[in-house]
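Labels A, B, C and D are assigned to the chains in the order they are written; within every chain, residues are numbered from 1.
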Amino acid sequence: MVNVGVLGATGMVGQRFIEMLENHPEFELTTLAASSRSAGKPYSEAANWYLDSEMPESVRDIEVVETDPSSVGDVEILFSALPADIARKVEPRFAEKYIVASNASAMRMEPDVPLVIPEVNPEFLDLIELQQKNRGWDGFIVTNPNCSTIALTLTLKPIYDNYSIRRVYVSTMQAVSGAGYSGVPSMAILDNLVPFIGGEEEKMETETLHLLGELDEGVVRPAGFGVSASCHRVPVVDGHTEAVFIELEDEFELKDVREAMETFQGLPQKLGLYSAPEKPVVVMDEENRPQPRMDRDRDGGMAVTVGRLREDAAFENSLRYVLVGHNTIRGAAGASILNAELIKEIIL
Amino acid sequence: MVNVGVLGATGMVGQRFIEMLENHPEFELTTLAASSRSAGKPYSEAANWYLDSEMPESVRDIEVVETDPSSVGDVEILFSALPADIARKVEPRFAEKYIVASNASAMRMEPDVPLVIPEVNPEFLDLIELQQKNRGWDGFIVTNPNCSTIALTLTLKPIYDNYSIRRVYVSTMQAVSGAGYSGVPSMAILDNLVPFIGGEEEKMETETLHLLGELDEGVVRPAGFGVSASCHRVPVVDGHTEAVFIELEDEFELKDVREAMETFQGLPQKLGLYSAPEKPVVVMDEENRPQPRMDRDRDGGMAVTVGRLREDAAFENSLRYVLVGHNTIRGAAGASILNAELIKEIIL
Amino acid sequence: MVNVGVLGATGMVGQRFIEMLENHPEFELTTLAASSRSAGKPYSEAANWYLDSEMPESVRDIEVVETDPSSVGDVEILFSALPADIARKVEPRFAEKYIVASNASAMRMEPDVPLVIPEVNPEFLDLIELQQKNRGWDGFIVTNPNCSTIALTLTLKPIYDNYSIRRVYVSTMQAVSGAGYSGVPSMAILDNLVPFIGGEEEKMETETLHLLGELDEGVVRPAGFGVSASCHRVPVVDGHTEAVFIELEDEFELKDVREAMETFQGLPQKLGLYSAPEKPVVVMDEENRPQPRMDRDRDGGMAVTVGRLREDAAFENSLRYVLVGHNTIRGAAGASILNAELIKEIIL
Amino acid sequence: MVNVGVLGATGMVGQRFIEMLENHPEFELTTLAASSRSAGKPYSEAANWYLDSEMPESVRDIEVVETDPSSVGDVEILFSALPADIARKVEPRFAEKYIVASNASAMRMEPDVPLVIPEVNPEFLDLIELQQKNRGWDGFIVTNPNCSTIALTLTLKPIYDNYSIRRVYVSTMQAVSGAGYSGVPSMAILDNLVPFIGGEEEKMETETLHLLGELDEGVVRPAGFGVSASCHRVPVVDGHTEAVFIELEDEFELKDVREAMETFQGLPQKLGLYSAPEKPVVVMDEENRPQPRMDRDRDGGMAVTVGRLREDAAFENSLRYVLVGHNTIRGAAGASILNAELIKEIIL
C-alpha cells in the first residue's frame, strides 16, 4: 500500500477523492489537508459532506492538516483538489518531495508537466524526468485535464487514431457540481441555464489538442485540427453532456467509427488498473440517450457514454454525437487517481 | 376588427393564441375549436388553463366548437395550433373558405404554401395566389416555421443579408413547453436532460434554408449553405437557447456583425405591425447572457436575444453566439399572429 | 430458492421489484407479467427502463406474459405493482393459487386481507388463515401500505409503543416518481409544486391507524388517535419528505423519544430478513437533515431517516420532526419484498 | 410626490423595491444606498440585476451612496432591505431624522416599534408617537413581518375576526429567493429540499401572534392561541407555499370561513392605497391550486391565494388549507411599500 493524501480535502472534488480512495487496494488515505480554518479539527468537523454517500468512517477522525509540505507527513502521493490560484503557489513546493497528482488547472500547460489521460497519452509521463531535472525536484507534478475536456478527448481518441480530423465543434451542457458546492446559486439556474463558464472554452480548445498531440524530444506538439467550444451550465447535479460535431478529412463508414469507439482500450485497460473502466467509451443505440442522470454513473462514473452517433448530411465527411461523462469522477477525482495508478504501475 | 378563431384551442399553444389575442386591436377572437370531447362546453370548462396568466374573462363563456369548417361561423382567419397529423387533414378543408395561419408543421413544405417569418421573407406570401389557383380555394394557408428555427433564422437573416454564409452548426437547449403540456414527464427531466427531440433537427436544417431562400417564379430555391443541428431538451419551462457556430465565406469585422443584428428591422417594423417587436434581435454584452428565464419575455416574448457574440479563433472567418427566444410566443402563437397581421395589412 | 414473479413488470414500481430481486438470496425471479401489449416480447423490448441502474442482464430475455393466472407458470409468490383498478380484478384470481404480495391499494382495506409493515404489525398475517377460509383460496393476498404511510408509520411505531398519541398532523413533500413515470408532467412541477395528490391524504389518515391498530379475533381495531394529512408534490425525483407534528397524552422527555426511535427494531431485524435495514429508523442531529437526495438511499433505501426532532413549545406534550423515506423502495417494492421475506420465514 | 430611498439597494429585496417604485404615483425614488463597495458608482454598475424584468432606466444613472444618514439627502422615507445585523445598527440612526419602512427583522420585536400588515393591524401605527417620545427621534421606524408570516397572517385574520382560534400548525415550502440571490446553492436544492431555514419557525410563531394581538395602552398583547411551524426550502424560484391546519374553539360552517376570506378587506382597500390588492385573500376552488408558479403574481404579487379549503375530519372544529404568497413582493418589498403608503395617507 502507498500512503496518499488529499489537498483541498473539504471541497467537493476533495470529497470525491475521499469517496474513491475508501477501500482502494493500493492507496491508503492517511493525510487530509485543507485551509488553516480547518486545520487541527477532525475531518468530520472540518467538512460539510456534500455527497449522497455517507462520509467514510475511516476519515472521520483524521485530523486535518495545513496545506503545507511540512504538515503532510509520511505520504508518497498527494492528490490535489486545490483552486488554481493556490495550486500555482503550493503544488511546486509539494513537488520538491512528493508526487502531486493534480486536478487543478494551474500547471497543466507548463511545458515540462505531463497533462495526461491514461487511455489517451500515457507516454507524456516521460516528461517527468525532464521536469525533475529542470526543477531539481525529488517529486513531480502530473495533471489531468479539465472535466469537459476529458470526456470529449476520450471519445475523440479512437476517431483520431483511425481518421484525420479536420474540425471539432462542441457545445456543452454542464452540471452545477463543476463549479463547486456554492458555485452556482439556485436563483441562477432554476428554470434557467447560464451560457457561460469562465475559462472553460479556452481549456477545451487548448487541452484537447495538447492531449492528442505528440511528445517529440521533450516537447508536446499539439494536434493540428481546430476545436471550437461553447460552454453552458444547466440544472443538472452531476454529469456533463456534450454535443459534438466532427468533420473528417476523408470518407468514413459510420459503423467503423462506432466500432473504433466501442472497442477502444488504452494502457489502463491493458494493465488492469483498479479504477480503469472496462470500456472507456460505451456507445448506446437508444435514440434518446445518453442522459446525465441515467448514464453518469456508468462503470463507477469512469466510463464516458456516447449516443446519437450519426452522419451529418449537411457537410462532407462529417458526423455527430452526444456524450455524457461524470464531471467530478471521470472528469476530476477519478482522473487524478487513474493517473496515480498508472504512475504506481509503471514508474514507482 | 377581423373576426378570428383558434383551432386546437385547449392545448398549450392554443392558450398562447388566446392570451395574445386578448385586447388585440385588429383581431376579435370569436371562435374556439377543439376536439369533440370539448365541443359544446364553455371554454372555461373545456380547458385546463396552463399559463401563468389568468384565463381571459372574454373567452370563459365561449362555447367550444368542433374542428370542422361547418362549425366555425363568421370568421376570416383561423389560427391553427393543431397537431401535425390532424392539421394535414383539416387545414386544407378550412382553407377552402378561410385564411389559415398555421403553426402546425404539416403544410410547411408544400411548394405552394408560404412558410414565412415576416421579418425574413414576407415576399413568400406571393405564393398565396398560386396556392389558391392550384387548389381552387377561396381561402389559403400560411405557415410559420418550427420554434427553434424561427429564433435561429431571425438572427441569421441580418448576417445573411451582409455576408456569404458557408456553414452553420447549432446546438439547442429547448424548454419543455415545446413538447406540449404533457410532453415531457418530470421523471425524464429533473436533474437530467434529454438529447433528442423527434424531427426537430430535420426541421431546423430544412426550414432555415427554405426561409433564407429565394422565391423564383413560384418556386422556393433554398439558401445554399449547410446547417447542422443537434437538439436537446433541458429543464426550463419556456424559452429555447441555441449555441450557434457560423463560418462565413469571407473576412468580417465582429462589430459589423453586431451592428447588422442590432439594427436589423423587417417589414413588420416598417409597417408598425401590432405584435412586431421594435428590434427583432437584441444583442447583449453581458458575458453570461442570454438566459431563458431572464430574457425569454423580452418585448412581450417577440424579440430574440443574442449574447456572447464572439469570433471563433479555431476556424477562419468564423463567429459564435448564443440566442434565446420564447418558443411558444415568438416560436409559435406570436409567429402565426404576426403572419396574420402582415396578411391583413398587405393582402386583405 | 422460491420462484417469484412480478405483475405490472414494465412500470416504475415493477422495475424496482426487478432491481431489488436481482441477486436476492431466496427469491428467483422467473416470471414477468404485463399488459397484452407487452406480452410475448422479451422484457428488454417490452420495457423502457426508467431507473438509473442498468436493466439486469438476467431479465432481458425473459418473455413477458399476460397478467393472467394461467400464464405465470411455476411460481409461488407474485409481487403486484398493478394499478388499483386492475389489481382489484385480477389479484383475487391469482390468490386462488398463488401468494400475492401486493403494493396496490385495491385490497388493503378488505377486512380479511393483512395490511402489513413487518416491523410494525407482523401479527396481522394471522388474517391469512381467515382470508383463505372466507374465500376458499389456496393462495392469499398480503398488502403493504401507501408509500407516505409506510414512512410515517415506521416513525410513529416506536413512539406509539411508549406513549399515548393524541394527534398527528403531517404535511408531505412527495417525489414525482410516486405518480409513475408519466404521472407528473414537467410543465406542472418545474419552478413549482402541486398541493394535491388524489386519494393520498385519505390513505395516510386511514392506513396509519389501521397499521397501529390491534387484531382482535380476526378484526382490526384501528388505533384511537387522529391523523390529519396535507399532501404535496415537489420537484424531487425520489424520496418523500414529511413534516410531522405530534401531541401526546402525557409528558415526555425528548431524549427518550429519540432513543425509542434509534433503538427501534421489529421482527425483520430479529429474524435477520435479507431486505431488513439494520435500523428501520435512523435519527440525524444535523439541523438541516434529512434531505431526500442525501438520505433516500440509506440502507439500500429501506431505512427511514428522521431529523429535526424537537419539542413543540406551542402546545403541551408536543413534538415535531421531519422524515425522509424512499417512496419506491421502502414505500413500495421493498415493502412488498420484505412482506414476502417475512411470509417465507414464518409461514411457508 | 414624496422623495424616497432604498437602503440595501443592490440585493434581491432592494431590487424588488426599485421595481415596485418605478412609476409609483406618490413616491419618487431618488436615493439608493448600499455598501461602501458600491458607493460612488452608478447603480447600473453597482448592481447585478437579478429580476426577470429589466432594470428601470430611471435608476441606472443614480449614484449609489453609503448607508449613512449623512449621505441620503433630501428624502422623507427610506425603505430598508438591510440584513438584520446591519439594520440593528443603522436603522435607529436613520430614524433620528427619517421615516424608515423596514423589511429587516432587527427591530420588529422592539416594544415601541410597530410591526404592521396594513390589512391586519394598522392601529399599531399608534406606537409611533410613543417611539418618538421614548427615543427622541424626529423620524421613526415601522416594520413588516417575515415573508412567511405575512402570507399566513393575512389568511388567519378573517378567521380570527369571526372565530376563536385554538391551534395553528403550519408547514411551509419556501422559495429559494427568500434566502437572497446566493443564499441557496443549486447543489443544495436540485432534486432535493432542505427542511430547515434558520430562525424562520421562531419568527412565524412569534410574529403571527403579535400581529393578531391587541395594542393596549402602548403595549402589544399577543393573541392567545398556539402556532407551530415547520419550515422547508424547495426548488421554487419565487412564491412561498404553506399548508395550514387550524383548530377552532367552536363549530363552524366551511362556507362561512370561505366567505370571510373572500370578502376580507382592510384599511388599504378602504383607503384605496396604490399597492393594495383588491382582495388580499383570493380563494380558489380547483383541487390542485394554489401553485407558486401559477399564483404568486396574482394582483401584482400582493394578493395571497388560498386553496384546498376543507374541513379536517380528524379533529373537532378543525379545517385545513394551502396558501401561496409572493415572498419578495407581498412578503417583503411590497409589504414595506404598503406600510409607507398607509403612513403617507394617515400620518404625513
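Heads up, the rule we're going with is that a residue touches a chain if its C-beta (ideal position, glycine included) is under 8 Å from a C-beta of that chain, and two chains touch if they have at least 3 such contacts.
From a predicted model like this one, the values you see are computed outputs, not experimental measurements.
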Item to check | Intersection of the contact lists for chain B and chain C | outcome: A, D
Checklist entry - Which chain's mean C-alpha position is the greatest distance from chain B's? => result C
Checklist entry - Looking at A-C and A-B, which pair shares more C-beta contacts? => result A-B
Checklist outcome for this item: Chain-centre distance (mean CA atoms) for chain A and chain D, in whole Å, is 47
Checklist entry - Using CA atom averages as chain centres, what separation in Å is found between chain A and chain B? => result 41
Next on the checklist: Give me the residue numbers in chain C that touch at least two other chains, ranges are fine.
Outcome noted: 190-191, 235-237, 293-294
Checklist outcome for this item: Contacts from chain D onto chain C in the complex sit at residues 167, 169, 171, 173, 190-196, 205, 226-228, 230, 232, 234-237, 241, 243, 245, 287-294, 307-308, 312-315, 318, 320, 322
Item to check | Footprint of chain D on chain B - complex, ascending | outcome: 52, 190-191, 237, 293-294, 297
Next on the checklist: Could you list, by residue number, the parts of chain B that touch chain C in their complex?
Outcome noted: 12, 50, 176-177, 181-191, 235-237
